[in-house]
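Note that the chains are named A, B, C and D in the order they appear, and that numbering of residues resets to 1 at the start of each chain.
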Amino acid sequence: MYIPKFSVILSNVGACCDRYLSSGYRNPLTIDEMFEKVAAIKNVQGVELIANWNISPKNVVQIRENLKNTGLMLVSIIPDHFGQQKWGCGAFASRNPEIRREAAKHTKEMMDIAGDFHCEVISLWPGQDGYDYFFQSDYMAEREWFEEGVKECCNYRKDVRISIEYKMKEPRCRSLPSNVYSVLLMTKEINEENCGVTIDYGHSLVAYENPAESVAVLKKYGDKLFHMHMNDNYGFWDDDMIVGTVHTIPFIELFYWLKKTEYKGWISTDQYPYREDGQKAVRESIEWMLTLNRIANKMDSKEVENIFRTGDATEASKMLRKYMFA
Amino acid sequence: MYIPKFSVILSNVGACCDRYLSSGYRNPLTIDEMFEKVAAIKNVQGVELIANWNISPKNVVQIRENLKNTGLMLVSIIPDHFGQQKWGCGAFASRNPEIRREAAKHTKEMMDIAGDFHCEVISLWPGQDGYDYFFQSDYMAEREWFEEGVKECCNYRKDVRISIEYKMKEPRCRSLPSNVYSVLLMTKEINEENCGVTIDYGHSLVAYENPAESVAVLKKYGDKLFHMHMNDNYGFWDDDMIVGTVHTIPFIELFYWLKKTEYKGWISTDQYPYREDGQKAVRESIEWMLTLNRIANKMDSKEVENIFRTGDATEASKMLRKYMFA
Amino acid sequence: MYIPKFSVILSNVGACCDRYLSSGYRNPLTIDEMFEKVAAIKNVQGVELIANWNISPKNVVQIRENLKNTGLMLVSIIPDHFGQQKWGCGAFASRNPEIRREAAKHTKEMMDIAGDFHCEVISLWPGQDGYDYFFQSDYMAEREWFEEGVKECCNYRKDVRISIEYKMKEPRCRSLPSNVYSVLLMTKEINEENCGVTIDYGHSLVAYENPAESVAVLKKYGDKLFHMHMNDNYGFWDDDMIVGTVHTIPFIELFYWLKKTEYKGWISTDQYPYREDGQKAVRESIEWMLTLNRIANKMDSKEVENIFRTGDATEASKMLRKYMFA
Amino acid sequence: MYIPKFSVILSNVGACCDRYLSSGYRNPLTIDEMFEKVAAIKNVQGVELIANWNISPKNVVQIRENLKNTGLMLVSIIPDHFGQQKWGCGAFASRNPEIRREAAKHTKEMMDIAGDFHCEVISLWPGQDGYDYFFQSDYMAEREWFEEGVKECCNYRKDVRISIEYKMKEPRCRSLPSNVYSVLLMTKEINEENCGVTIDYGHSLVAYENPAESVAVLKKYGDKLFHMHMNDNYGFWDDDMIVGTVHTIPFIELFYWLKKTEYKGWISTDQYPYREDGQKAVRESIEWMLTLNRIANKMDSKEVENIFRTGDATEASKMLRKYMFA
């Protein structure tokens, strides 16, 4: 039986904005308010924080207070490599060596804060790395810079793991690294034990991956799944919707493979509830995950593995209907 | 309560081929064998036939025999506008007026056969109409030819309905008509009561439509849903998979809207079980549709309509989980 | 020969933001600064303004001053139906009749301002109309509300044209109206002479349209192309890039059809130069359009139409190479 | 200056079929006829053969004759792992160890034939490897089998290179390996010097890759680009169209990077001219490639590399327009 450990990216219960309504679809909440909202969601034990948006060297005392008051664990920090003008053209893969140094420096700072909080994972999302236009970039150099910078951080302290989150696009038209294979190549090149991968369910879909397969691939090539971000979308864009509102079966398969590969890490929601109450939207995601994981847990492994052995899709179909609806 | 009438496109239980394995992934079956296989699938009452592949003026006696023996109704004929060299560059929208005449002539022949069998629907799939290359076509002329030809057929006999099946691409890179709105514009231009639309579930997905919305749109603009083809896919291509093996919730919403709009027509499977036993694959589709329609039927209309009134996605999410899994 | 009239959406030369960097990739410019920057771009004669962002009842005097100083014409106003919290769940298609009334009221205000400036076009972009989740919306009702509201505005004053800009998605996961056929259906239902369509090049691509074909379709069904927005993208998302930096041939075909259909309206750039100097990015778009239109103008119509008559793709290919590179 | 070596996949000048018109859009040609047609295309020096379709142990004498008569070189053989019923559910990644052995055996046979012809490359396209349905496959096992089988072949004889061609989908809904990173991971695992990668331009596009970047990536991670297949498409499906008829700039960037990375291999056309004369369609591809490579060759490397250093997209845009159209 697989028992997931659920956490929530703090901002998920707050307000969202986009390029058309940059002041936000709802009024902003304070850090304290967001902590309270997360703590009130059943089955959630952890929280994930975004640097600068949620946590910085200046508010660690407040965060410690909030964690104590709510009983939530800090499960991961996402360094800010995307939310300031200086990162606009990239961070670890920036052409500017100064910016690259800053990217590493900030990451190390966050590693130290993480260490202080006994938080094991830095989920690194290089949102601004990549490019937009043809003939704009030296693709070889940028990957090299990226790998060098992350390696340096991995070596900075070995008790904190760096988990790289891949994404195909947005905010860059062509982001770096783009898919599970691309990031795995990088981790092999970086070649540090504390360097692994975050699967964001929606990013995986946009790359036309089947997330269950991505879990399997990370297992096969070095047991590199360190962290998970959950949401849902229509397959073409990172819509960051409530988990389970678009897809059903692929989530069941995902939970089956998390069990099969003995995933031990956290599962954070990562949503943008532009027009929904954030807390309700996260609660729905948790409830869907519990439901879909329950179905995966009900499945008889021998029965499943037997279908793998025959590859009979009609048997897989029948089995799914049975476990889902019988 | 909505009680669907299920039918099967005869070839669905036979062998499939593609451009790499043109001789077929399995050995071909005879017409008689395919009829038997369809008849043995529970809850199927009708059969849909493809001209030349399944039916032609030459084998109507055999077909009549098969219908009698199996008790299946002939619910629709698909004229052959795609399976011979002469249609290679289009049928109703061909540049060649001779071919356009042939397209109409063949359609009328099939209308007559349909009439003889008390079959009400010609499901017209203009697979070869459209284009591949930039600067290859006069887009205005081709739409005009298409509309003229179909109108002529609609006028040929009013007791048979012509239901146009739209598709975005394949076998042409850019097919005509491409989506539910495009075909509706055409039916408005054609302006005949017996001219309507076939929704193929997979075609609708490839056009980034939500099939439930497509049903609503056809209702709003003239009650034009005449026929349905069912299958499933990953959203990018017409994979023609078993219904319900990729998507779940959108099928439930589709059945809800078929009920809400009081759809009276047939629902045919339209699959390409390349590597599956065709009969088993169709049976799975029928079982999934029964299951998913049962969920839609369970739903309290007042509850659903109330969510429509508020637009609260978290309530929609909660409601779906309740009806699906509680 | 087709001689395009170029205009620029004022904000194109300013700073852009997105959901990760909501304060903007560059520092904001004033209205005056942006006018100056637009005026300095060769071959630009007009400017298009976004309500609230650029123009409001409060700053018409300043705008009049800017127009006078720069010699630019005001070619279109885009009402604000997307940039404030009140529009978050829709404007003309909002469930809330109060909001729908506000949407119409604001539109009429902008029509009056347009009238005062002898500006003929309101380019209506219903960015927040549509939906995100399954089972969230009554698709028939929302289209109806939308059509009613726009019709009311069209009737408000006949000397200003309302040009509806379609888009498949963003900011809604599923936007209304989604493609050129969908919006044409709406204009037919609205049935007012001053109601037409804006093609945004990038929106057209995201709907897997060929923009040249969309121009042809709008000609065929009532000569409904009222306005154009230009940019470029990779085909999957509204990247709003510099015109001509991704695609080449389809732009040439577009200009060919603008000539063939005798388009008389304006062509505005509509870009989001997140990481570029806005003025330079717009200048590049204008230069590309001049270059690509020059190629289209060089083409011998008889030669082109002859290829249409044969449909020979290899001849189209050869012809294109000749006009582009010989 | 980069001087490409062009070859043609023999079947490109013959007839094509698809799942709707399995007997072919045109009448089939003989091997001899196809050789003649290829030989008559200017600037083509090589031919690539598909096992069973074009070459088998039975017709090596005829092939030798054809090569002699035409003066064409045999540049690559594509083993048949897709065109017979036995491969329907996979070859190297088949669940059936018997089939896996056959896949290796057939590959070795083709390596021997290649060796006899002094042909250096086996372009391995595992078209039937992968899966269609959720819960159908053990993703870890199948990758393992695939890698084992290919490694065994690589060891069979070191003087022939095995170049794996990746593709995201078709004929499987989810193919193995899917993109340039996935295949690179495999070659790293296989870890044989004579194991590398074929880029098919269209496959690369369907994976939302920029082919120029894929070339760079293969250079960076071990200089693994062994072979190229060229065609064009609309970005969503392997349309196998004439090179240069959809895209322009990305081809120029591709040729720039082939020069920059000093690619020494062959460039084969790989098209499906369903409705075109095959020979004319291939000739067009060659002419486009010459034209687009000429533009790439004109480019001043210092100028290009300087743009890479600044990343200024407006400068890249201006430079492209200059080299393309000034």
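Basically, a residue touches a chain if its C-beta (ideal position, glycine included) is under 8 Å from a C-beta of that chain, and two chains touch if they have at least 3 such contacts.
Predicted, not measured: the structure shown is a model, and the values here were computed from it.
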Select the chain at the greatest separation from chain C, using centres from the mean of Cα atoms. D
Weigh A-D against B-D on C-beta contact pairs and write down the one with more. A-D
Cα centroid separation, chain B vs chain D, in Å, comes to 36
In whole angstrom, the CA-centroid distance of chain C from chain D equals 40
In chain B, the residues touching two or more other chains are 89, 132-134, 169, 174, 208, 234, 236, 242, 245-246, 249-250, 275, 312-313, 316-317, 320
Give every residue of chain D touching chain B within the complex, in rising order. 16-26, 82-85, 87-89, 127, 132-134, 169-171, 173-174, 233-234, 236-237, 239, 241-242, 245-246, 272, 274-275
Where on chain A is chain D touching in the complex? 89, 95, 131-141, 143-144, 168-169, 174, 177-179, 181-182, 184-185, 188-189, 207-208, 210, 212-213, 216-217, 219-221, 249-250, 252-253, 256, 304-305, 307-313, 316-317, 319-320
Residues of chain A defined as touching chain B within the complex: 208, 234-236, 242, 244-249, 275-277, 280-281, 283-284, 287-288, 291, 295, 312-314, 316-318, 320-321, 324-325
